[in-house]
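Lettered A, B and C in written order, each chain numbered from 1.
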Amino acid sequence: MASIDTDARSRAGRRPNRLFKNMNAKLASLPMMFTALVVFLGGTIWTITYSFTSSGLLPRLEWAGLEQYARLWSSRKWLVSIENLAIYGFLSLILTLVIAFILAALLDRKIRGEDTFRTIFLYPFALSFIVTGLVWQWILNPQFGVQDVVRDLGWTNFNFDPLNNPEIVLYGLLIAGLWQGTGLIMCIMLAGLRGIDEDIWKATRVDGIGTVKTYLVVIIPMMRPVFVTSLVLIGSGIVKLYDLVVAQTSGGPGISSEVPAKYVMTSMFGGQNLGQGFAASTMMMLSVIIILIPWAYLEFGGRKRG
Amino acid sequence: MADVGILATTKAAEQIAPRTLDGPSGPRPKRRFSRANIIVYGTLFIVAVYYALPLYVMIVTSLKGMPEIQMGNIFAPPIEVTFEPWVKAWSEACTGINCDGLSRGFWNSVNILIPSLIVSIAVASINGYALSMWKFKGSEVFFSILMIGAFIPYQVMLYPIVIMLREAGLYGSLSGLVLVHVAFGMPINTLLFRNYFAAIPEELFKAARVDGAGFWAIFFRIIMPMSLPIFVVALIIQVTGIWNDFLFGVTYISSPDRYPMTVQLNNIVNSVQGVKEYNVNMAATLLTGLVPLTIYFISGKLFVRGIAAGAVKG
Amino acid sequence: MKLTTKLLAATAICGAGAASATELEVMHWWTSGGEANAVSKFAEAWNAAGNTWVDGAIAGGGDTARPIMVSRIIGGDPPAAFQFNHGRQAEELVEAGMILDITDVSEQEGWADIITPSSLLDSCTYDGRVFCVPVNIHSWQWMWLSNGAYEAAGVDVPTTWTEYVETADAVREAGIVPLAMGGQSWQQNGSFGVMALALAGQDAWLAVNQDKDSEVVMGPEYTRVFEAFGAARELSDGLNVQDWNQATAAVINDTAAAQIMGDWAQGEFALAGEVAGEDYSCLPGLGEVALLDTGGDAFFFPVTGDPEIEAAQKELAALMLSPEVQVSFNSAKGSLPVRPDVDLTTVNECTQKGLDLLAEGSTVPSGNQLLSPDTTTQLNDLMTEFWESPSMTPAEVQEQYAAIIADAD
């Protein structure tokens, strides 16, 4: 890969002080270093520090030890939040990838009106989650939304009221979340498919491999980088899931659609208990790091790719 | 395709990803009305209905009067078309004691958007360039921190950033807000640029080095001209993110006269008491979404191609 | 006494107004029609004195607006005044020295003699100093009943909770949902608080909310409340709404018979053109124990270090409690004035009941004054979980309620 060779190349050249090697690149990267170290790392350390305090409305260094964590893990709402995020996250991840891939594959079949379809699938991404939640809350409203319309058509027993049913409320969120997010991923997938050489299709046809099997066995493994980009986008969206829940269900009915980011927000600003909110966000960050570090190491660090 | 020319302005661009530009690559359907074809179009059509439905509902609702909304079902087209809700959302809806609708914040949003956009894209592209072609010791560490940063809920960072901006003397100013947008847009855009630049053929880079071109010369003369698509992608992601932002705009700008449009949108949509004016809500929503939507409709093709090159070759 | 106070207020306003025309930014979350109208009364009075009111309205209630206000304060660029519910929410800001001490205004204006009930001023007082201006009184302890719904059910409009429960079957048979309840946690927990005060009585209620006595929660008075709350849960079956005003709308259009909600609900009835006593009835304290809590809103003035702004802040504080502004503001907002020496422009049957209760001193402190926001959030979560999970029994929720109260500070 270019980058690695570059490195080697400049090392082979003149060899000034190590610090000044690649000086322009380092200078140019200062904003990134600053953001990474001060904003993200600094902010994280700040948050973790204050999670061990009894800060209320204002951040204050009054040590409380592990009290916030003990309370966090004894809170029913937190446990429900985590469970919800796990279910929502799993379904959202799988369904986004599957739907986005199928749509991309369909659009890739030399069809008419591709531009129109693509624009229709993509436009929800332009709207904020608040708006998404609002619109879907409305469409799913039993009194004048989908349920009402289907009943008017004659199926008077038709029942579809996910936002008021704790058992299926997560699916109500999922319908809206997928609507907003799959378009972008589909575009990335479509782009990936466009990058596949036509010869591969010819070769598989010669070998008599079916279309579906070709996708599964040949094409998808070739699209690994596409899936990586998609995973980062989908994953970060899932962890940050907040606005949509607030706009669509406010965490209800009861606490059945609470999510961790909302727990953090409610503790910090509703309950005026910053320490509790920071403890919850520390747990969130910790789980992200546990999942991401090994993967980031494999993906971005330490290893040659090509 | 008609507008391939826009993209392939340089020979180099064709070299990067020639396959990207010449359209669908999937198996060619055999006959125009084969069974497979019917399934393809049928599926796409049904899914398109699911995606288009909310937009349809929003538009239809925004053209109805309140009595009609309360009586009928949400999918019915308006019996009597009225543009009153649009006028109201734009110039009459009250937020607090100011009754001049969304128009109050439009130019504020533009003022926030343009510098944030320029700085964040400039910074992210240079990051991606340095990370892909001029790696130095530790560069991947910073990048990994950024990637983890992409997963941190914004709200958690609210107070630490207030403190940082205060210490820097930037709290409440536009430049402070711009920096915040730059920082939070950095992870995903840096990833996109990095992956795109990494796909640029090595020979090109080597040749330029032999000619004695340095870091900046290569970036401005070679890399930038052949990277239009990925800049368009970053542009679209950033326009959407910055334009739709409510929390940062209202927290880090300390004067109500300079609040972005989303503050008015929030105030119109989120007022709990009184009769909810759904038609005005929907009109306000569409008006606010108009800027990103317009950019999507115009640059849709560029967007897809840009993503193609950015994400595929990572 | 009153005359001198008024004169003092008038001179304070005129004097400062003439001396300097100052721009003050005021942050609040009053954005709906009636609320915005009420705020404009403040703004008009302030602008009339030659100043400029810069309006910083953030919709979405305290949870959206509060972090923004606190950020502004931490960031060192606070608004000149901001709205908070009085009570314990601003305690920390005061302790941290970020809020302007307005004791001198309070003494000059004689607030201690004017403000009724005095608990309102008490909740603005920290260590003997005054830090905020209570501007209105809102009470939770009301039940709103649809006369039309009871007519359709063929029974008389109940006058007590007991009667209400007895007639619920008849209401149900007429195809009407007996109780309208929104899906948000604050509504469910708030209704529980109202039932607790009405059914367990003042002593038990204060023991729990003021003294944080968890044994009382487990005691017989509260057991009755939890059982009644469990029964109420069944009475609300069949109506799925989120916002409180949607629930009120169900009472207005007779699809539901009653709602437990604070006096702000009356604004909705008024907007719908309903007349108290004819179209709807109201029962303070559920018709059982007629006590009102005295919650409401207050304004705080952050320390800015600028003497000119400080003078203007104090001027605004005095203005907010001046008789004319109290009348115009509270008439627009549908709340009760904090000073009994003024007359509201329009008083209907229900408002009059409220005024009478205030006048005779039948008040208790509000939940915001007694419980920390942290405790309130936990109770909200618990009560909403109970309300939406039919499998959870009153005994279970009682135990968890007691645990939260035991931990409360």
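The definition used in the following text is that a residue touches a chain if its C-beta (ideal position, glycine included) is under 8 Å from a C-beta of that chain, and two chains touch if they have at least 3 such contacts.
Just so it is clear, the structure is predicted and the values come from calculations on it, not from any experiment.
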| item | value |
| --- | --- |
| Distance-maximising chain from subunit B - centres being C-alpha averages | C |
| Pair with more cross-chain C-beta pairs in contact, given B-C and A-C | B-C |
| Euclidean distance of C-alpha centroids - subunit A vs subunit B, Å | 16 |
| Mean-CA-position distance for subunit C and subunit A (Å) | 39 |
| Touching two or more other chains - residues of subunit B | 155, 159, 163, 266, 269 |
| Subunit C, residues touching no fewer than two other chains | 67, 70, 74 |
| Subunit A residues counted as touching two or more neighbouring chains | 59, 265, 268 |
| Subunit A to subunit C touching residues, read off their complex | 56-60, 76-77, 142, 161, 164, 166, 250-256, 265-273, 276 |
| Of subunit C, residues touching subunit A in the complex | 62-63, 66-67, 70, 74, 89-93, 96, 183-185, 240, 242, 372-374, 376-378, 381, 384-389 |
| Complex contacts: residues of subunit B adjacent to subunit C | 94-98, 155, 158-159, 162-163, 165-166, 171-172, 250-252, 254-257, 263, 266-276 |
| Residues of subunit A touching subunit B in the complex | 1-7, 9-10, 21-22, 24-26, 28-29, 31-33, 35-44, 46-47, 59, 99, 102-103, 105-111, 114-115, 117-128, 130-132, 134-136, 138-139, 144-145, 148-149, 152, 179, 183, 187-188, 190-198, 201, 205, 211, 214, 223, 225-226, 228-230, 232-233, 235-236, 239-240, 242, 261, 264-265, 268, 274, 277-278, 281, 284-285, 288-289, 292-293, 296-297, 300-302 |
| Footprint of subunit B on subunit C - complex, ascending | 25, 28, 30-36, 39-40, 43, 53-61, 64, 67-68, 70-72, 74-77, 243-245, 264, 267-268, 271 |
